[in-house]
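This report concerns only the one structure given below.
All chains are identified by letter, namely A, B, C, D and E, in their written order; residue positions are counted from 1 within each chain.
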Amino acid sequence: GKEEEVLKVGMELKYPPFETVDEEGNPTGASVRLAEALGEYLDMKVEIIDTPYPSLIPALESGSIDIIISSMTITAARQEIVDFSDPYTTSQLMMLAHKDSKVKSPADLNDPEVIIASKSGTIGALWAAANAPLAQVLTLDEEVTAVLEVAQGNADVFIYDPLSIIRHQENYPDTTVAILEPLPNTQGWGIALRKGEDDEFKQQLNDFIQEAKTDGTYDAIRAEFLEDKIKEFEDQGLDFFF
Amino acid sequence: MKLKIDNLVKKYDNKVILNELSMDIQDVQVLALIGASGSGKSTLLRLIAGLETFESGDIAINDDWMSREDIRDYRKKVGFVFQDHNLFSHLSIFENISLILEKVHGQKRTAFTSEILSLLTYFGLEEHKDKLPHQISGGQSQRASIARALAIKPEIILLDEPTSSLDPVLTWEVLYAIKKLVDEKKDVILVTHEIGFVKHVADYVIFLDEGQVIEQGRDILSNPKTEALQAFLGKVLSFA
Amino acid sequence: MKNMRKTFGFVAALVIYSVFFYYVMTKDIGRAWNFEPFGAYSFFIFRGWLTTIYISFMALLLALFIGLILYLMEQTNFSVLHYLAVIHKNIIFGTPLLVIAIVAYYYIGNAFEIRSKILVGTITLGLYIGAYVSDIYKGAIESIHINQWQTAKMFGFTKFKTYRHIVFPQVIISILPPLAGQFALTIKGSALLSFMGTSEYYNRVNNVIANTYLTREGFLIMTLGYLLITIPLIKLVRYLEVRLNYKN
Amino acid sequence: MKNMRKTFGFVAALVIYSVFFYYVMTKDIGRAWNFEPFGAYSFFIFRGWLTTIYISFMALLLALFIGLILYLMEQTNFSVLHYLAVIHKNIIFGTPLLVIAIVAYYYIGNAFEIRSKILVGTITLGLYIGAYVSDIYKGAIESIHINQWQTAKMFGFTKFKTYRHIVFPQVIISILPPLAGQFALTIKGSALLSFMGTSEYYNRVNNVIANTYLTREGFLIMTLGYLLITIPLIKLVRYLEVRLNYKN
Amino acid sequence: MKLKIDNLVKKYDNKVILNELSMDIQDVQVLALIGASGSGKSTLLRLIAGLETFESGDIAINDDWMSREDIRDYRKKVGFVFQDHNLFSHLSIFENISLILEKVHGQKRTAFTSEILSLLTYFGLEEHKDKLPHQISGGQSQRASIARALAIKPEIILLDEPTSSLDPVLTWEVLYAIKKLVDEKKDVILVTHEIGFVKHVADYVIFLDEGQVIEQGRDILSNPKTEALQAFLGKVLSFA
């Protein structure tokens, strides 16, 4: 059977609690568990390969990895290059804002005076281009600098996922506020695979996601990794997305 | 020139090179330093030029005691011909001279060009003026070094073996050039091994050995008193 | 004859490289090349490229100057200055550019309320590369024979004039080759500004890659963009190497 | 007396730097320092640090060797070799390390089916730094006076022995200072392996930063970790500078 | 030694330095080249040593025509004293000699150490043996250069101004050393300005001018035929 075949899963292990390392350095997190469940489903061994974000696509294209499960948002432009499975989450985007900024809700974003910070390679800049075309977009290589831009008042808001937004707000409590209102028009995260290579494989992935949502896999992952987060979300009055 | 040296001590790596050397010389125009190789002639000349520090002692030229403060002004009045010529290796023969006149003495290019050229012509270097030091012969580089020292019109000129690489004809030319300096009332201190040359040009001779003055005077060559000098001169005379 | 051999050598070398990269590409199982989406971004990328040129040239001039200052500080007898230079160099040598960039703008720049990223970035890059440049000066100046210093002293040159007219023209040929590499590092180092969120070339190409996922194409464009700056610059340095070499 | 002045100078310089950074820190708007979470990761980080040391030292030795080869290739009359070296250097000078790392592993390494990241990374870094090192050699060797070459030839030295016994010992003092900087660049350059997903120091500290959100602390630890490698190495080079300087 | 040179032409930067120079010398042990500064003596010596390429012509030493292939073996048999000494600047005086014996001639350190020391002692350099070239006097570095050339026990030794920086006493020592070489059946080619020295030591003299042989023979010094040589010698004799 497929017992000896290895499914190589690329992810950047720098995004807890989805993709991260434990204190010994072993990959762990919700995406890792999801990948393992996928392996069981496909009856394949799973190997997690830590791959930095800029290297993910080259790695996929060159065959170093077979799929990407790295909290990757599905967009139309990206679908030109890779195939995506159906979304396995409904990812959400929220905002970290400078306390004095005039941006108080997503509706305020489409304004030429507004500066939106976003981490390069993430969905924030794309979202802004599509949904707030008048705003200025500032892309930064590192998440931390994007946050500092907001904390130091150079930028109005930083668009990112809610978990990180909450954390960052705790780091700069005096100068920032978290606006935990989901931005409209966002798609979920998908599993990326090489384009047009294997329709059958893609179908298997979609079947797996369908099944995992109902057979308790998701619940188990939630219980193991996301308990705290879910509680935080509830405290903020939000729906969790996974 | 007056040259007064008091108990000059110079060491290299803790080895004494000049050993409480003293002299008091007055009304001399061409002073010659002679002595065996390694006796300290070049070292003494460098100290007189203010080029190196020394352990103790004092040096006065024309009653002016040498001091740290005005050493640069002093040096500007001194021309120096190094034993190994020391031309600036990146500059042509002409530029070796012109750079100093332009940058140190602040003269205008228009003013000194013809002067340098006639100096180079005098030393038979006109066709080599645009060559670099490593492109000329040994005697040519020695002549260039002398021309450079003369170009700054020094009040006093120090020459370390100015004729060592010169053929007899050129040795005469240098001798003649030094004599011209004397006529112009310039002072000369000269280190050389050419005893014949010393006889012609020097009016005071100092014989050094192992960092000390063994014999000195106006006519020690024709009338040597110490055995050391007699032996030294003995070898010369048996030569020609 | 000699020129023909040179041309032949150049072409042969080029062919060897091309074959190598062609072979590598055939082994890649990815999709066909697709440059089309970059068309829409071309002006965006071009403006970033201009910014990169601007920043790197300013930083380069600054680095040449700062390198000199650091060299002189290290040589001085005034030990506070000496150690300021030594500590500066040790910090620079040990700190990743990412950290330097972030500290420079978000901490130091912030503390002194300097908001211009181009300014902070240029100064930072100048200080960074300057540390390396100072050691290039040092190495070259060590090679000057003691005679040349002494002769300059004898003829009344001041310390400054000795450096300017005697030492510098002699060391320029041994300074230029390693400087060429340092220049290239400066140009690529200007990407540090992308950590500050400046829209220079590196940042902008990466943005486009992030949007389109055309990594391979993006990298090729990025590399060509940098080569378009570094090759002429290195050609210039090589030309100066020949021109300023007094031995020729 | 002289020692006291030196110590004083060092302390004064250190104080100046400390005051500067202290001032910068007081202006920072963030929270208090918190190193505690790093404790749990210390072994993880430490192993990455060892990997970084291993990679950088291997790459460093390789770069010294490759630099020599490139230098010799550039000097040869065999023009194919000459241009291979020239093209290699131009590519290296113009390409960002990020691109080189990804191309080296995911394209070239993949084409030749080399799967070891450490191996590919070390070779790549060696080739990268080697290009800069070759220009350092070149600069220094240019400064050797023609007399020395001629004398060696006269006494029957082969070309190789002339380099080995005459040229190299004379240029080592002008090579070492710029080489110190290049060594530091190699060590930091080993972070390029993080683009290949190798668990070296840079990557691991960044992992922990991502987990804990303690960026400031992480950067400090990262910098200290690199300084702990670069400072002893630079000290060693400075020591060699003094030891191998025949002028002393 | 036999030395045959046919129509040798050497140019620098398109300027002719040696102009179709020819000679055919047989049964000579000490050959002296004399001539004015810049006449091409050093250049000729370098060409005989196979150190530089030339435009055209041929050189044969002991009937062996010089060729590219065996030039390195040939050079190993030749000792050369450069006009500006050319000691290796990073090596002590001792090492300047030992390195060559060890690395080029493959001798063992134990074998040559005492030999080098006695050679250095002979030239009065024993206490300077660990100094670097820039730490010794002009005459000392010249002696070191001679010692180095002798140390390889050359079959033929070429000396370019070996006594230029030496005092009279040392000039005698070098003269004596060269005579000893002659006794050991070694051949010597010598460039010098010291006519007295040539008279003592050379058995064949060639007078060069502007890259050509003007006069040659066993006794041209006592019996000069050309005006050029007469003028040249005239200056010398009037000296001592």
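List of remarks:
What we mean here is this: a residue touches a chain if its C-beta (ideal position, glycine included) is under 8 Å from a C-beta of that chain, and two chains touch if they have at least 3 such contacts.
Just so we're clear, the structure is a prediction, and the values are computed from it rather than from any experiment.
Compared with chain B, the chain whose C-alpha mean position is the greatest distance off is A. Across the structure, the highest number of inter-chain C-beta contacts is found for C-D.
Centres computed as Cα averages put chain B at a distance of 48 Å from chain C.
In terms of their C-alpha centroids, the spacing between chain A and chain C amounts to 36 Å.
Computed from the mean C-alpha positions, the centre of chain A lies at a distance of 83 Å from the centre of chain E.
Of all residues in chain C, those that touch two or more other chains are 28, 102, 110, 145-147, 215, 247. With touch defined as above, residues shared between interfaces to two or more other chains in chain E number as follows: 84, 89, 134. Contacts with at least two other chains are made by residues 54, 58, 61-63, 144, 152 of chain A.
By the touch criterion given at the top, residues 147-148, 150-158, 161, 165-166, 169-170, 246-247 of chain D touch chain E in their complex.
Residues of chain D that touch chain C in their complex: 5-6, 8-10, 12-14, 16-17, 23-28, 78-84, 86-87, 90-91, 93-97, 99, 102-103, 107-108, 110-111, 131-132, 135-136, 138-140, 142-143, 145-146, 171, 173-178, 180-181, 184-185, 188, 191, 202, 219, 222-223, 226-227, 229-231, 234, 245, 247. For chain B in complex with chain E, the residues that touch the partner chain are 12-13, 34-38, 42, 83-84, 124, 128, 135-140, 143, 160-161, 164-172, 193-197, 200, 231-233, 235-237, 239-240. Chain A contributes residues 13-16, 20-21, 23-25, 49-52, 54-55, 58-59, 61-64, 144, 151-152, 167-168, 171-175 to its touches with chain D in the complex. By the touch criterion given at the top, residues 29-31, 40-41, 43-44, 47, 98, 102, 105-107, 110, 194-197, 199, 203-204, 206-207, 209-211, 213, 215 of chain D touch chain A in their complex.
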